[in-house]
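Structures incoming, each one as structure tokens.
The same chain A turns up in both complexes below, where it pairs with chain B and then with chain C.
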Partner chain A sequence: MADYLLRLAPELILIIGGVLLLLAAAWRGERGVDMVTLLSVAVLALAGVSLLGPASTGGDSFGGLHQADAFAAFCKVGIYVAAAVCILIAPRFFRRAGGTMQPEYPVLILFSCVGMGMMVSAGDLLTLYVGLELQSLAAYVLASFLRRDLRSAEAGLKYFVLGALASGIMLYGVSLLYGFTGTTLFDGIAAAFAESIETTGQPSLGQVFGLVFVLAGVLFKISAVPFHMWTPDVYEGAPTPVTTVFATAQKFAAMALLVRVSAEALGPGLEQWRQIIVFVALASIILGAVAAIGQSNIKRLLAYSSINNVGFALLGLAAGTAEGLAAVISYMAIYIVMTLGSFLCVLQMRDSEGRPVETIASLAGLSRTRPGLAAAMAVFMFSLAGIPPLFGFWGKFLVFDALIGVGYWELAAIGIALSVIGAYYYLKIVKTIYFDEPAPGYAPSDSRLEGGLIAAAAVLLSPLGYLLIPALALASGQAAAALF
Partner chain B sequence: MIQAFAFYLFAAIVLLSGAMTVTSRNPVHSVLWLILAFFNAAGLMLIVGAEFIAMLLVIVYVGAVAVLFLFVVMMLDIDFAELRAGFARYAVFGTLVALVLAAEIVIAVGAWSAGSLALSQRVAPTPEGMSNIQAVGTLLYTRYLYIFEAAGVLLLVAMVGAIVLTHRTRSNTRSQSVPRQNARRPDEATRNVNQPVGVGVEL
Partner chain C sequence: MNQLGFPILSVMLLVPLVAAVACVYSAAANARRIALGATLIDLLLGIVLWATFDQAGQAERWQFVEYQPLFGRFAWALGIDGIALMLIMLSVFLMPICIGASWRAIERRVPEYMALFLLVEVLMIGTFAAQDLFLFYIFFEAGLIPMYLIIGIWGGTRRIYASYKFFLYTLLGSVLMLIAMLWMARYAGTTSIPALMETDFPVEAQTWLWIAFFASFAVKVPMWPVHTWLPDAHVEAPTAGSVILAGVLLKLGGYGFIRFSLPMFPEASQQLIWVILALSMVAVVYTSLVALVQADMKKLIAYSSVAHMAIVMVGLFAFNQQGLEGAMIVMLSHGLVSGALFLCVGVIYDRLHTREIARYGGLASVMPRYAILFLLFTMATIGLPGTSGFVGEFLSLMGVYQVNSFATLICTTGIILGAAYSLYLYRRVVFGVADKPDVLKMEDLSRREIALLAPIAAVVLWLGIYPESFIAPMRADVAALTQRIDRARPVGDAQVAAAAPGAVQEQVGGPQDAHGAEAH
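Right, the complex of A and B next:
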């Protein structure tokens, strides 16, 4: 009886905490913002602690609808950490953007985390869909949270319409898979795929159609090419802390979901989806790199950077082995730190009157006005580009290593060549920061918390981060092993 | 036999009224056609033995569509006097549609009591000795409890989101404060004045 409650502990803690904080937010109103913010971080921490128990090893609940395994636990840790940072940086941002923050912001992020947790521990297409919708619905609201700002409202509307379309496509795929396999359980779908491959040599046409539609829906959520069109607009328009949620926690959750569906439900159809994933990965890398070159807005640039990085992570999925899947989640874990750091730096970009600035040109000569911030930014950019002494290199290395492990030499070679194109625009930012004539300086930092977080992220990504490799390898290896 | 007849009848009318929903020029007529389509879809569900879904269709969709209908009426500028003007002209057609609907209900009940349509295969048959609603309920509150509760959270998020995005506190409204009203005593609110003659009252 109490057993399955323990396996569901992270979700339960988040839901109960979210509802209680919602009441607090309703009664205290805008006076309670700081309290709700801190308490919601505490709720996330509590949910993280509960992962130490059966929530990470307990196995299936509700007949396989929910899976509490090492993979889910690994992803949930990443999601909760990213969400906590996004909650902590928010009040200051909204205060500067005029007016106060509505206390529902942390509550919506908590509910979004429930959805993300459901996604990464899904064992059934229904759980997958409900989790994805819960996460997305909160995200649509968060995107237009600054409702007086036209760009924010536009971002929310655009995201909502396109997201609803993607959900519809995915739901259609789910119904096809259900119709042609007779079940929505991942295990059952895998068995049905294996059966039709055994009898006819390939999955039935209906199964392949279902697979393609489900993949399309999930690829939209990780903003891989050709489902990426919404990303730059939404990332640019949404308030910066919300963009940080989208680029870190949400992307990690959707990527983990894709890994789980591909490995557990569609595993026997590897040959069918591998070609899709390879195409999508290469297209994302190329488009992310090339389209980023002409950008003048730092948030748009980071959006293209996220498309580019998702492409690299997908290469690991294309390998299809346990090493490949471990590489994907390791890559995403490192990517979360890099992206959190970059967006924290974007939050520091304010003109002398405290208004947020988003142009890349305003970064010129930052090394002379704010040397610490400039150095951190340089670390994040070099790391995103995957330049060796920094930790970002390790993720790319793991992915290419996994590809070579299954004999995809050509793919690995193409990936390495394409990462050079990507390096160009990252290096251009570093050049702007260090070698251009100084632009008017930014307002001085007014938050120790943000400064501390930037420093922590920079230290993690510096060569010191390599000390974490054994722990990361152990955790991601266990996580990937749980999928087979 | 009656099931097959009912199936073709309902299916044909669903398609027909669906087409009419799209093509009719008057939005109010569109909504009415849509309601007819939903009723027939409910009939289809009834003859495959899914009474619960049939009831759900009627209650949720027709109920929800009635609300939608209200919205259409409120949002669009429709001249009701003009609509009523054609009453005599449309009376025959309207009666015809009503008769069709009444006949369908009779046929649906007949088809339903004659047993459900024999499908070539059923993925998830209803367990023996259990009504449809009972079977759905047993699954919904045991195995699918997790998703059911998650759907509840989903609706909560939708509600919170709608309020967050639209609610604003206006400073110039005069809202009622019940505690303040209750705390008020007669001697604070009234004043006895001995009004001298020939002097204006003080307000």
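Right, the complex of A and C next:
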């Protein structure tokens, strides 16, 4: 019994911590914000530390419903780090936006993290669904957290309606898979697919339908084209720290979920889902790049950038090998750092009276008013574009290398040529920052913490980041190996 | 380690890098001094490098080798041969001159400017010294970022258009090369460039790989018809930016062909030689004619660069010692001469703030010293014997004559056209009557400007009169390269053979005949 507890330690710590902090929040009200914020980061840290034990190597629990393996541990580290940053940056933002911050914000993120943890540890379609819903429910509330703000409320509603639709589609797929394989366990589904392929040469039609619907549901969560419509609106409307959660932790968790489902449950159906992933990947890259060009709001632009980047990560999944899956999670890990950095910079965009500004035009001439911030922003943009020597290049490198490894060099050539379109709008931001005449300057930075986090992200993405390659390769390699 | 006992190449990379960081945190005056100091230290290190480089061909082919497997998938592997040495020398020689040229001309955001230039130097040296495929790619691509910022921040009126064009054009070319590199690293199981140079790739794969590398290097060289970024980038870049673009960055393309395309894909190079020859022939004639009608001095020199680089290309694909050595010398010579011409334009631009040729005239009477130096560089760009241009162009064309006499004929017209546009430019700017009042007020070269141009003039003459100093370090490496690609050497079209008068001579021959032809 104790084994179970240790394997589930991160989730248990988050749940108990979350409930206790919820009580604290209820008792102390808004006076307790700072305490709850710090304690929730501490809870996340504790959950992260617990990954050192059997939580990362223990194996299956509850008859395969929950898997504690290296893959789950790798993803959880990324999720917890991103969530912690999103909690830390929130109080100042909400104070500026609405006067106060409710202490429920960090608690909701903790619950969302429990859901994300279950998603990446799922060994069964139902665990997967419960995790996904727990994560989503918290996210719907978070999106509309500034409830008096019209845009935030609209973002929450849109996200909820479309998210519910996607959940429905996915649940339908789950029921189809259950109907045509007789189980909801990933291993059982894989075995049924393999059996069907062995006897008839391909999965049965019902299985393929199930596969398509399940993928559609997950692709919605990672906002891949053609399930991306909600992304720009929600990213723009949600409070910036919440958008940061969506773009980093949540995206990483959903991508990890997709990887796990594709590799473990649908692995034998590789030929079937590969076509879907290739199409979705290329469509995401193109749409993410082209649609971003015309944006004037930085958060919308970053939303399209996330669509674009998800497309590249999916190319690694299309390779279908352990190397490809390792490339996907490495890409997402690097992507989290780039996105956290970009959104931290967005948080710095405030006019002289401290109100948040989101237009790209307001960045004009930032290099003269705030050279440090401008340099960091340029690092993030070039890195998102995948230009060496910045570390964002490494993610793309791994993905394309994995594609070459399975002989898909045409796809790799098309994908990398399309990355040039994406480079254009990142360049546009750098141009605004460095080449244009200065716009009215932003308010000076009032937080050492945010400055420090931006600097840390910029250093990680600088060429110094390349020194992390061996460690990243080791961790992501072990994580991917756990799926096979 | 190496002959010197310390990792000199890493130090040459570290000095400008540290100086770049220091510049960012300094005031304008200090930033200038730091940048000049760092580039001069690198020049000194470069001279040490050249002096200790064993050019007798006795030692290893790759010298000053460093190897640290820092990055897991690829390594911090540096090392140079004679070809890389000469191009590194060109870079470190031009760098202090660029800093000097920007001393007064750049007044806005000096610390950032100096820092970016020092970064460019780091990346150029890194590209030439890299011995790991992916390390090379990172250095090669990274150069885009500082050049984008230099053109975009300190450029002229159309700087933003030019900076985008420069960045996206070259990026599109290079990304395909990355895919080819990934494939090669997998096929050969190594990322070491010397090892890959010895790898025989399957002939059918070579064609694709060659095209991918061609996409990248052809844009960098630049070859017609992907040269259009160059005039825009040159015209809008600040003077020193143009010097570095023409002087060194264009050489990255030529270097890429020497280092990758030829030794790694000899068969594909031979199959696709017609692409190189055809594009180069068009480039020589077309861009020379375009240069002839330019009203903007920098544009004229930019187009002339395209024509000169086309001669480099035909020399490289001559598959023989003369052609390759000639191509290298044209690269060095063009780096110096076009750099110097851009500086000459910069000198009068600083005084009159226009690059329009028609606004000048009669400078010979008001700026005699300037007129003399400008004349020397004009003659060098034409390729007058005694200047560097002659040695390189003559060798290149002689090399390619053994492969294709028609291409040689067309490319040689480039020299005549080159004389036409260069002399025409010189006549309009320097000769004639000095009747414009503001031209009459122009001052002759200052001491600083002479200090910038005189060293280049000296090296141009040195290269023209005694090219052996420059050819000697490369000789063994070029010989190794010709030996490597000998199996794919194209059959020359000039099969000279003794025969009885009137006898019908069969013109088809194998490589053996080509060897015979070389003797003539």
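The rule is simple: the second predicted complex is superposed on the first by the 484 of 484 C-alpha atoms of A that agree within 3 Å, B and C clash if a C-alpha of one lies under 4 Å from a C-alpha of the other, contacts with A are read in each partner's own complex, and residues count from 1 in each chain.
The criterion applied here is as follows: contacts are C-beta pairs under 8 Å (C-beta built on N, C-alpha and C of every residue); 3 or more make two chains touch, one makes a residue touch a chain.
Here the structure is a predicted model, which means the values were calculated and not measured.
Colleague: Quick one: chain B and chain C on chain A, clash or fit?
Modeller: Here the two partners, once superposed via chain A, fit next to each other without clashing.
Colleague: Please indicate which partner A:80 is in contact with in the superposed arrangement: first for chain B, second for chain C, both, or neither.
Modeller: neither
Colleague: Between chain B and chain C, whom does A:130 touch in the aligned arrangement: first, second, both, or neither?
Modeller: Touch partner of A:130: chain B, not chain C.
Colleague: Regarding the shared-chain residue A:408, is it in contact with chain B (first), chain C (second), both, or neither?
Modeller: neither
Colleague: For A:227, is the partner it touches chain B (first), chain C (second), both, or none of the two (neither)?
Modeller: Neither partner.
Colleague: In the overlaid three-chain picture, which partner chain does A:94 touch, first (chain B) or second (chain C), both, or neither?
Modeller: In the superposed model, A:94 contacts neither chain B nor chain C.
Colleague: For A:159, is the partner it touches chain B (first), chain C (second), both, or none of the two (neither)?
Modeller: A:159 sits against neither chain B nor chain C.
Colleague: If we overlay the two complexes on their shared chain A, which of chain B and chain C does A:425 touch? Say first, second, both or neither.
Modeller: Neither: A:425 stays clear of chain B and chain C.
Colleague: Please work out whether A:71 is in contact with chain B alone, chain C alone, both, or neither, and reply first, second, both or neither.
Modeller: neither
Colleague: Could you tell me if A:138 is touching chain B, chain C, both of them or neither one (first, second, both, neither)?
Modeller: A:138 sits against chain B, while chain C stays out of touch.
Colleague: With the C-alpha centre of chain A at the apex, what angle separates the C-alpha centres of chain B and chain C, reported to the nearest 10°?
Modeller: The C-alpha centres give an angle of about 160 degrees at chain A.
Colleague: After superposing the two complexes on chain A, what is the shortest C-alpha distance between chain B and chain C, in Å?
Modeller: 40
Colleague: Over in the complex, which chain A residues touch chain C? Could you list them?
Modeller: Contacts found on chain A: 367-368, 371, 382, 387-389, 393, 397, 400-401, 404-405, 409, 412-413, 416-417, 419-420, 423-424, 427, 430-431, 434-435, 463, 466-467, 469-470, 473.
Colleague: Which residues of chain C touch chain A in their complex?
Modeller: 70-73, 109, 112, 134, 137-139, 141-142, 144-145, 148-149, 152-153, 159-160, 163-164, 167-168, 171-172, 175-176, 178-179, 182-183, 186, 212
Colleague: Which part of chain B faces chain A closely enough to touch in the complex?
Modeller: Per the stated touch rule, the residues are 123, 143-147, 150-151, 153-154, 156-158, 160-161, 164-165.
Colleague: Name, in rising order, each residue of chain A that touches chain B in their complex.
Modeller: Going through chain A, the ones touching chain B are 8, 15, 19, 22, 61-63, 65-66, 102, 104, 107-108, 111, 114, 118, 126-127, 130-131, 133-134, 137-138, 140-141, 144-145, 147, 156, 182.
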